[in-house]
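Next come two complexes, and both contain chain A; in the first it sits with chain B, in the second with chain C.
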Partner chain A sequence: MNSRARGETWLWIAQRASAAVLAVCVVVHLGTVIYAVRGGLTAAEILGRTRGSLGWLAFYALFVLAAAVHAPIGLRSVLAEWLGWRGPSRDAALLAFAVLLAALGMRAVLAVFA
Partner chain B sequence: MTDIRARNHPSYWTFVVHRVSGIALALFLPLHFWALGQALEGAPRLDAFLAWSAQPLVRLAEWGLVLALAAHLGGGLRVLALEFLPWRDWQKSLTAAAAAATLAVGLAFALAL
Partner chain C sequence: MWRGAAAGAFCHFEVPRYASQTVLDVVTHIQRHLDPTLAYRYACRVGMCGSCAMTVNGIARWTCRTHVDKVAQDGRLEIAPLANLPVIRDLVADMSAFFDKWARAQGRFAGARTRLDDFERVPPQSEARLQADAGIECIGCGVCYASCDVVAWNPDYLGPAALNRAWTLVQDERDAGRAARLRAVAGDAGCHACHTHMSCTERCPKHIAPTAAIGGLKRAVARAALRGEL
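Our next item is the complex of A and B:
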């Protein structure tokens, strides 16, 4: 297998592995969202749940990292098939998007934990 | 490929829903993370953002995003089942199950709002 095909295989595996993690995270997230919005959202309510909670910290950190892997790989196919954008420039842009998601996401996780 | 008959079937529409919901979620994520990051500047700042988000149009967009998340979850579980489990005869049932789960989550969120 050449290196390009190997790269595609790894991206496929990363997409399925992140999907499996996200499936669990999204079920928990949807449940939390539906529970939390009853009666309106307040900062006190959100932060009361997350501040100092190592469990929520670990959960959201995993959720963010899985999403930062999953979303750019998904967009990779969309950009190729719907916009005809392929090659190194697309992959560099998507890598930047992955880094942006991971950085903004971890910042948000720390913002509601600390 | 442009023959509409080749595309007008449940599996094709399941693919379209999965793709469009995925794009919406990917574009929404940076905004979502940025908004939660407002908490770094204190609870009042986050409350100000939450007050802004209580507008009807923002609420409607939120409902659309929750629906997109549920749809993408349902469609994604369908893809994983088709690829990793041997029961391919169930393909249409999986599409129906994904749609039903999406509707259930959408209704639950709408009622909770």
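Our next item is the complex of A and C:
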């Protein structure tokens, strides 16, 4: 019971912390989108900004990892409360979902960096 | 009015209207004059005991402090037992799970002093004392528990009243059971399950804010986890 309560508390902390990161990341991302489309949007312009930029690599890697932490923890409650799906099978499925989100996201981040 | 247990049905009664008539007056009239087999629960009739809470037109309320004028729609009332609890019969809900959860949340004061020690002095204006004061008037009527969506979705959830009680004890400087209490209220069945819908705070007849108490517990438990004390 103690370890379960501790684990669930850490999940809560991780979700709140990732939410704080996401709040900043979404604002920066939307600001960049609004700035970037002023004179029309082209792939060349985007790649010109991101390719080889360690700053944008770090920013979007953080963004992707925060989303990969945040979304599955939120889904965990949704699955329990709406579908009654609890226990290790749900957590294993959500861990797989988190890895999938992180992998797909990082693939995209690396694609615009390299 | 609901008659029967879980497998019951609504029955129709016509009752006379009086000035300043409460919903409890209506229920009592039915039991005294129309159907003496009706089961319901009340004691003080003046909002002190917390035993007469029922679902009136879909909302959990104290029936003794609810005037018919305020809630009747086209002269009609729908009266049912409290939600989120098993029905024993008619308007009587089984409160066992509700109070068992107070015990699970370690809602009992754990003192560290003996009768040989002097009184502990708690400054009335200290932050902790004010926090405890805000929640300490709960009389355990179950209105918040019956109004809570998370209780409906997650039967293990301790619920607003038990967590509010735990918070008043966490804020009690004299209490020696803090660590065990924080462990008891952590996690998916405890404070972290609250979605801050605030139905408990909106419906509490004592105007207590269990949502704020649960928020305090979330922060206290998180701090304990970060310090490795959980």
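Rule of thumb we're sticking to: the second predicted complex is superposed on the first by the 109 of 114 C-alpha atoms of A that agree within 3 Å, B and C clash if a C-alpha of one lies under 4 Å from a C-alpha of the other, contacts with A are read in each partner's own complex, and residues count from 1 in each chain.
As a working rule, a contact is a pair of C-beta atoms (placed from the backbone, for glycine too) under 8 Å apart; a residue touches a chain by one contact, two chains touch by 3 or more.
Note that this is a predicted model, so its numbers are computed, not measured.
A.B. asks: Looking at the overlay, does A:Leu75 come into contact with chain B only (first), chain C only (second), both, or neither?
C.D. replies: first
A.B. asks: For A:Leu30 in the superposed arrangement: first (chain B), second (chain C), both or neither?
C.D. replies: It touches chain B, and chain C stays clear.
A.B. asks: Which partner chains sit in contact with A:Arg49 here, chain B, chain C, both or neither? Use first/second/both/neither.
C.D. replies: The answer is neither, since A:Arg49 touches no partner chain.
A.B. asks: Which partner does A:Arg107 reach: the first (chain B), the second (chain C), both, or neither?
C.D. replies: first
A.B. asks: Between chain B (first) and chain C (second), which does A:Ala5 come into contact with in this model arrangement: first, second, both, or neither?
C.D. replies: second
A.B. asks: Looking only at contacts as defined up top, I'd like to know whether chain B or chain C touches more of chain A.
C.D. replies: Touched residues of chain A are more numerous for B.
A.B. asks: Which parts of chain A are touched by chain B and by chain C alike?
C.D. replies: Chain A residues touching both partners: 16.
A.B. asks: In the complex formed with chain C, which residues of chain A make contact?
C.D. replies: Chain A residues touching chain C: 1-2, 4-13, 16, 77, 80-82.
A.B. asks: Along chain B, where are the residues that touch chain A in the complex?
C.D. replies: 19, 22-23, 25-26, 29-30, 32-40, 43-44, 46-47, 50, 53-54, 66, 69-70, 72-73, 76-77, 79-80, 83-84, 105, 108-109, 112-113
A.B. asks: Considering the complex alone, what residue numbers of chain A touch chain B?
C.D. replies: Listed in rising order, the residues of chain A that touch chain B are 16, 19-20, 22-23, 26-27, 29-30, 33-35, 37-38, 40-44, 46-47, 64, 67, 71-72, 74-75, 78, 100-101, 104-105, 107-108, 110-112.
A.B. asks: Which of the residues in chain C come into contact with chain A in the complex?
C.D. replies: That would be residues 150, 153-154, 183-184, 186-188, 190, 192-193, 195, 218, 221-222, 225-226, 230 of chain C.
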